[in-house]
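Dumping the structure here so I can ask a few things about it.
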């Protein structure tokens, strides 16, 4: 099922809600979602309408790449790139299961071929090269395909002089591809070097959760870095650190707010304001050197988005 | 948005004015009963205006210092917010800290998109403490450096607002190499090919001020001061007496007019009568207008010219003689 | 200068060899009394050599790992000292720290003047602790970055030696942005126009290794390993069992030969029989010879070619299929 | 008295020692020097012979610019630049004394016109542009002339493609020149930017004491930074910091060794090894890209100079 079909079928499902029949347990569960943070039971449709942000405690749920695109990118504007790329099994890796079987499982769960969706789309009318990672696919892990799709996206952005936006969410490197997954860090960073030297804008958005090789490569290399509230972001995982240093870490360790306090991200932006802030930043960095804008109130976005 | 709705708190040298104001108030109260004193009142008002003007016309250096340090003086955020209600603040040095004493952001000003940088003193006691009373740590200077490099990459002009007693003299500040943080900024600012305009809005204290002050144009608000060392420090070292602050202020030639005459600043920006704290909006406008004018000028130069003009400007500074 | 005068400590898989050696010793003691067993002894010696060779010829991945982690394995300083007794170490990140887990310096090697960078595990317990057992902090990576920029400025080639379990997973390491420190190094290494040669001399662990490993040529010592995650980490995540380390080693394809066949390294450098810890001088020489050969090659390219060759090398890495 | 005369007259004094007469107290005092650190009484001539380093505790005494040049620069190789530059009095500054009177005093004490001596000389045969500050002249403070002489030295080095070595020792900015002294920080750093962009080598040597505007400009901008053992180096003075933070600082705070521990200097080098190390570094950074040296043991200097 490609992206267009997916959006179409979802639209159809929404237009024809069938809730008259008594619900099976499964259906009942799908209808309600419990907030991870405040434990409130939320009506899933309302939660979706609220961009998967708990209306009670503002907890930002993990969302799929396609949901993110639907939320953030202007309707029908998204043109996917490299949709056909999928993983090989260079190591013939087997742990408790062979790698290809795990790949199939991941695809069955996420509906995606790989853990990142890349393409070109408009954000409130501004064209950008956009990459969105999906933690729901193989833990958002970066293997050859994720690295390659990100690299190609960057190259596409550079060739077409587009601003680049990558929404990261990842558990780290794809172990099943061994050293080749590690090399994706070098690959993506190397391509970003050329992109940056060309004077183009890259905004990195960090979402729950972003770890390991993704954080330690393209995700931390944004000209500007935005994090979603509450997102946990780091290089090493909390448990590994606690085992190493043999002490408890602060409760808010590695949250977006903690990183903000430690000068690692430019702003923490609520999901509801994300598109607006991105549009503002794209506008601010577009145009030629010394260009003047006509009004002083271009794309309106309140400063409260940046938490002082 | 911080405001100056509160009545300006008077300074010590303003006491004669206050006394007269009190007298006027007393007379005004009697006006209803004695309509014939209206003429006196008018005269008193005239006197008040006269005194007010003459008072501010012949301020001593230490009076300027007092205005520059006035607790209600507009601070960096007050300007950015008035210039561009939609400005976006950028945070952090990416290496472990976000120094609140240094503010960096993306600001629009009279059609110019700019990278704005400024020291921040903090208004409430809690803020003041967080900001170290406007004294940045090395991390603050490195945050500013990130902003300078951002500006360079995207061809955006840099505007800096300076109001700091100086770089923070602390233990970790030294451990984290305050000297290097300042020195690198001097070096990197000198190398930028985008226009840089600096405005001393309050206190321009020492290397901690200069670290964001190597600009194509250096402007100063009328009551701002700029000096190599705080007058207190100067008095205690040269006069070995804390009482000689006024003498030190005088000797160091640190007021906006004097700095202008020494060729170190390019323009003195007028303040509302009595000082910037009497009218934030007017002050912000005056600064915006001056900055925009200089930016318009500088935007006509090529990148290479912008840099070499800045380098030549500072290369010429100094006063010496050659015995040969 | 650290040395390997001490007898090499045997590893577990070397037990059969040890048993045979013990047997030989017993027979040798009896030789004076029984001259007729000389022939037996000769045979035993032959057997020993045979066993020794066959043992090291068919090492399991986990055996390579054991050699790579051998406590007597030569570390970065051992190489630099042998390459250039007059090498000068450069210290510090200029911003508050000098991480002993990362060594940087100016080293001459076979006529090449180079900026040398390497992780350091520490030999004594005190050293080990100071070096976090070879796991650099962000400050260590930033110190390496300073060295890279120094090399770039002066047109000096960079040689890095990699022997680290990975970047240090600590609280302040995260607070000081370990991720950014690694990521920036990947980016900046990719941009250098001077030749970069990296040698994995022991453990090449994860992003913490790669942060000094984005090189024109990546070489590995015969028993060195290179992996995305430690085999222990891999076993505990994928097998949910700490007992499966050997399986994880096997599955990840982390030995020098396997990494070479995957196209990630360019050469496997031979070690003395039994491993580098048996002969520091020979090992240092072998590495020097290989590095010099690659540097000679790379010095023939223009700066732009050096950079684009490095970028293309990593751009190609990966394995995938296109369903379209 | 110019530099040549100074060296000549010193040589004469040394060749004709007259110690036969009974000593006056003053002469006696000049003959002996007490070590600031270990309190040992040292015979001044021996101390000089030991480069003004206490033979007992290795305390590195402050030394004058001319002594430093004599120690470090090959005999008769030093050609002074801008010897005639001297201060004006732009502010007509008067504290307890007028500035010109203080200048005269400073010159009387130091025998120098200003707090830095600049020129070109050879260090163990390698030609370099060399600046040496003198704390004995006006506390080594940087006014217009110090800034100008340093700037001209850097420009001379750039023009002639020479490595640059500056030995700093300073209490900070020259207050008597007000804001103009502050601007020397910008001036010297700005000139260094061009020098650095030209790919040339600058080695900064920090000696007892280096503070304030000098540390926070050219002294901290070396490609390589060397400090002398025990030298105190910082931005703010110890007393100011103690007053600000209201706590006692560690005894070794702001010493060369403390800075070394905090990653601020590349090496701490004993005075006796300084010329050797400088020569080694000049050699290492000379020649064209990709040049190979003939032997692997060029200019011999032991690594112990850098304290690990």
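For clarity, chains are labelled A, B, C and D in written order, and residue numbers in each chain start from 1.
The working rule: a residue touches a chain if its C-beta (ideal position, glycine included) is under 8 Å from a C-beta of that chain, and two chains touch if they have at least 3 such contacts.
These figures come from a predicted structure and were not determined experimentally.
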{"item": "Chain labels contacting chain A and also chain D", "value": "B, C"}
{"item": "Topological distance between chain B and chain D, in contact steps", "value": "1"}
{"item": "Pair exhibiting more inter-chain C-beta contacts, C-D or A-C", "value": "A-C"}
{"item": "Distance between the centres, which are taken as Cα means, of chain C and chain B, whole angstrom", "value": "55"}
{"item": "Interchain centroid distance [CA atoms averaged], chain A/chain B, Å", "value": "42"}
{"item": "Rounded Å distance, chain A centre to chain C centre (Cα mean)", "value": "35"}
{"item": "Residue list for chain C, restricted to those that touch at least two other chains", "value": "94-96, 175-177, 180"}
{"item": "Multi-chain contact residues (two or more partners), chain D", "value": "196, 220, 262-264"}
{"item": "Category of the chain touch graph - line, ring, star, complete, other", "value": "other"}
{"item": "All touching chain pairs, where touch follows the definition stated at the start", "value": "A-B, A-C, B-C, B-D, C-D"}
{"item": "Chain B-facing residues of chain D, complex", "value": "83-88, 90-91, 93-96, 113, 143-145, 147-148, 151, 172-175, 177-187, 189-194, 196-197, 212-213, 215-221, 233-237, 240-241, 244-245, 247, 249, 253-254, 262-264"}
{"item": "Complex contact set, residues of chain D against chain C", "value": "196, 199, 201, 220, 223-225, 260-267, 277, 280-281, 284-285, 287-303, 305-306, 308"}
{"item": "Chain B-facing residues of chain C, complex", "value": "94-96, 138, 142, 175-177, 180-181"}
{"item": "Chain C residues within the chain D interface of the complex", "value": "81, 83-100, 106, 108-113, 139, 143, 150, 153-155, 157, 194, 299, 303"}
{"item": "Residues of chain B defined as touching chain D within the complex", "value": "167-171, 173-180, 182-184, 186-188, 190-191, 206-207, 210-211, 213-214, 226-229, 233-234, 237-239, 247-248, 251-254, 259, 262, 264, 310-311, 314-315, 317-324"}
